[in-house]
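To start, the structure under review is shown below, and the notes come after it.
Chain IDs A, B, C and D follow the sequence of writing; residue 1 opens each chain.
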Amino acid sequence: MSDTYSYLGPSGTFTEAALAQVPEAQGQEWRSVNNVGEALDDVVSGRSVAAMIAIENSIEGGVTATLDALARTPGLRIVGEYLVRVSFVLVARPGTTLEDVRVVGAHPVAYAQCRQWLDANLPTHGHIPATSNVAAALDLFATDHADAALAPPAIVRHHDLVVLAEDVTDNANSVTRFVLVSRSTRMPEPTGADKTSLIVELPDDRPGALLEMLEQFSTRGVNLSLLQSRPIGDALGRYRFVVDADGHVRDERVADALLGLRRFSPRITFLGSYPRADRAPVEYVSRYDDGVFVEARDWLRGLISGEPDVPESL
Amino acid sequence: MSDTYSYLGPSGTFTEAALAQVPEAQGQEWRSVNNVGEALDDVVSGRSVAAMIAIENSIEGGVTATLDALARTPGLRIVGEYLVRVSFVLVARPGTTLEDVRVVGAHPVAYAQCRQWLDANLPTHGHIPATSNVAAALDLFATDHADAALAPPAIVRHHDLVVLAEDVTDNANSVTRFVLVSRSTRMPEPTGADKTSLIVELPDDRPGALLEMLEQFSTRGVNLSLLQSRPIGDALGRYRFVVDADGHVRDERVADALLGLRRFSPRITFLGSYPRADRAPVEYVSRYDDGVFVEARDWLRGLISGEPDVPESL
Amino acid sequence: MSDTYSYLGPSGTFTEAALAQVPEAQGQEWRSVNNVGEALDDVVSGRSVAAMIAIENSIEGGVTATLDALARTPGLRIVGEYLVRVSFVLVARPGTTLEDVRVVGAHPVAYAQCRQWLDANLPTHGHIPATSNVAAALDLFATDHADAALAPPAIVRHHDLVVLAEDVTDNANSVTRFVLVSRSTRMPEPTGADKTSLIVELPDDRPGALLEMLEQFSTRGVNLSLLQSRPIGDALGRYRFVVDADGHVRDERVADALLGLRRFSPRITFLGSYPRADRAPVEYVSRYDDGVFVEARDWLRGLISGEPDVPESL
Amino acid sequence: MSDTYSYLGPSGTFTEAALAQVPEAQGQEWRSVNNVGEALDDVVSGRSVAAMIAIENSIEGGVTATLDALARTPGLRIVGEYLVRVSFVLVARPGTTLEDVRVVGAHPVAYAQCRQWLDANLPTHGHIPATSNVAAALDLFATDHADAALAPPAIVRHHDLVVLAEDVTDNANSVTRFVLVSRSTRMPEPTGADKTSLIVELPDDRPGALLEMLEQFSTRGVNLSLLQSRPIGDALGRYRFVVDADGHVRDERVADALLGLRRFSPRITFLGSYPRADRAPVEYVSRYDDGVFVEARDWLRGLISGEPDVPESL
């Protein structure tokens, strides 16, 4: 029996392109869903073994729906990370020219990423929001509200559309980061190029709590590649933080930082340790090596058990 | 000649309710615009003296379009802050009942704020995104894509709609924070209950930069009420931070923190010092009093000019 | 066979008064030695089971000879702490009056502690340094260099001397702190009112090392009651630090601080955990309770072993 | 009329060698005094224009008598720093050989610096403390308590003594640091290779005060070359700190650190800014340049006075 993987569909989305990077997903069943909540529900219910979801893009930052869904849904683990270069084409029904375009259908994030190009090339255009990048294109067949749509390049492989303009994205380096989420608590092995994701709710009874949270990482030589605040939702000004830390929980310095964090705030969710998409080895100074942690523990254990303390060099 | 104030319209929006709290705006011309960019353009071009824009809400956090627009548009200043309690009604064309509703039109933020209610009461509903809370309701007359819409309660004063459900908001404490933005560089006077808004781009050449930024505030006893990361947009993982600090730039401790920040990162935008909406006096420990700063300056000036140093108590 | 205890003698010294506070030493052999080095040699060689030595006084600070001897002598442990109120009498050979006194013999520390009294009452006096408080008095019989001597009050129980003035100490609160040192690596049990002594050599390859050392304690809620710099001796500006931390190494927060310290600088000497002389319970905030440390370790162990993470409240 | 300079005499001391390095003192009157207190009294009373005093040596650390005298005597300023290599000779009355030596006279600090040599070459020697290095030698003529004395090499130029051993100092790099102290509040000009000396009493009403004091320097990129704790003297565990910071008070980063310190603790004594003895230029990272401080002040002044804020690059 085959495994099922959920992704934000339909065919042609960037999420599908991310899923195509997963070797284990090849030849399995891919289930197209409508939003992040549905994707995570598939995983929680066991309908799918994993779901691919967008978590950060270089224009819009953390994908808030994803971050909030991860914070609300217990029992999930990130098991992999994938990058997809984001580039849009402007498509229309056959017979349409760029001059004909009055109204553009686009997912709000796509619209934000192409806004400068649209302002320059279609200065009087209107915008109709769509629920996904592909939906914007499909709506061209269902209604006549929009004359053109922003869509991923793969769209033309699936539908009869003409491309009015290619690579309309404002920023040539635009990239979206996706994560593969499952229920499994078996963690990917450390590779030396790993990332650990957490959600931390700050204790609210003292000032300077964020500073103190960051010190849990800095005092162990652990760098952060993502720090995103998200409102908890119960009152203005109450936030939780989504954190990506360099390294694997089985790296001593990361484990020690997690111990410190947990003591600092029991309201912490561990989202997983997994290989970085870019496979770039984590850099850290040698005083935070695993061996240094192990040696210190041995020393302390010796002290407490009554062995004589032989200082290294005093 | 009257002054013009821009706001996200049309009539009936929460933004209009925020503008209604501004004494100087009474009896002046109010200009309804379609989005934040347009509102700020009005201010930059001089078409309006000020614009009211939403900046943070208790469910969705910082309003990203606003934060990014403020970061991109030089020469603006926040001159006032206003809170509006957010509560939605579910409205429909006359003759519709709750049982008839299949598809709900709603601005994505409104939709997020009422999602639990909708899932409980309309478990099979679909969602069509709208460009604003009022647009969702008006679309009911223009098209038949949606059967009902989430809208501010004031909508029924302006349009012929029936209310299918009141107060559908999931969180009874939901509040949106608005700011009034102008070009004026004349700052509101300090009131003792002030807030200072900044956008800071972290220097990218060293680790621990965020920690160091926060220390600029903590070492002067200045608390932050907002810290929101926003991608700069040029590469994944590059962020700027939107910061609300307690106090006025003419408070010594805030001024000193700004000096430290500017030295730390010249890429800083001062968005203004202005009275807090809740008029709650800023609390801080007495060692950060203005007098302490003045005394230290006098002491140092004396030292450098050659006056003898008479220690307080050594 | 009886145990031997070494102390800075001869009979009548404050060190003897400290040793008199040790229940186990009662009825044992007490060995009078001439200086700290000799006392520690007795312990290292096994000639004595323990030695009482002065470590800090409220006028002169850390007793440098003691601190340096502890840093140089491996294998020692502090097993107890004792306080003795310091008060001097001015003594002379029978027949001498205060008016006759031209030259005062005194150990340099005693001299410093009585300097103001001497300046006020014997404004033209000279000073001859002695090797100990008691030696100053005994020298009155051996030579005629001095006319009077500063000595502990107990001196008159042992020698035929007249008291010219009582309680000549400048500061009525003057106290000296003594420690009992042994070779035993069996630590006193935690009492809730303990102290842990360490010698730490800062790594010399980075600035801000002292700040970083202090953070090892502050981030675990451990207060320091002593921090004394002592030159390492190899070059100007190279220092080691003698540290007294509140708590016992078997308190989780202290153990964790020691782990951090050892990782930070392998050049650390553990001098022992032992009950405080004043029996004052160590105060610390509840977030540094042992239970918090244990819970965090259990949580992390669960994560790594593959148990699902059930967050406390997210 | 000539100026008078006080120094710890008599002729031949290391202090005299330090004074010989002062160009302005050449051809003036040099006044030999018996201790640091007397030297500072000369300056306070106006009897001398300046006094040379030892402040730190590489074996004994900060010279406590000096540090305490500076803390107690208001109105003094350090105007220069001088280094003298410390090397002792063992001298005796003519006719004495090394084999004859039973008792060695020595100032306690000198004794500590030569202890290993003495233990190796005169294992059974006794020690008689002297009030100064030269006094130890002169006592050889006055009494027969000691058979030999540790003295500075210059001693043989002034007195009829034989040298039993040269360079007996244990550490070949032993150096003593001296400072020239005056009443003048006219500071030496900045040279780029300066030092600033301070005495700071920590506020006693909060934990972590030392950490906070150190942060005043580290957050402005100012390094410390000396940090020495000294008991205040009123109770066990109450300390003040003697600090040498790199740079001149007219360097912006040092001035700003002093402002922060003064706000943190009004109980601060400024001892002066003066050229370093080693003339080594102060190193600091460019973000703490004077220009960065000036630019930040100009920016803030512009903001407060109502100039538009033109961000550097946002």
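Operating definition for what follows: contacts are C-beta pairs under 8 Å (C-beta built on N, C-alpha and C of every residue); 3 or more make two chains touch, one makes a residue touch a chain.
Quantities reported herein were computed from a predicted structural model and do not represent experimental measurements.
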Touching both subunit C and subunit D (chains): none
Subunit A and subunit D: spacing of chain centres that average the CA atoms, whole Å: 58
Separation of subunit A from subunit B, taking each centre as the mean of its C-alpha atoms, in whole Å: 26
Sequence positions of subunit B contacting 2 or more other chains: 215
Pairwise touch network: line, ring, star, complete, or other: ring
Contacting chain pairs - touch in the sense defined above: A-B, A-C, B-D, C-D
In the complex, subunit A residues that touch subunit C: 71, 74-75, 185-187, 199, 201, 215, 219, 240, 249-250, 255, 258-260, 262-264, 266-270, 287-288, 292-293, 295-297, 299-300, 303-304, 306-314
Residue numbers on subunit B that touch subunit A, as the complex places them: 56-62, 64-65, 83, 108, 112, 127, 129-131, 143, 171, 173, 175, 177, 207-208, 210-211, 214-215, 218, 223-231, 233-239
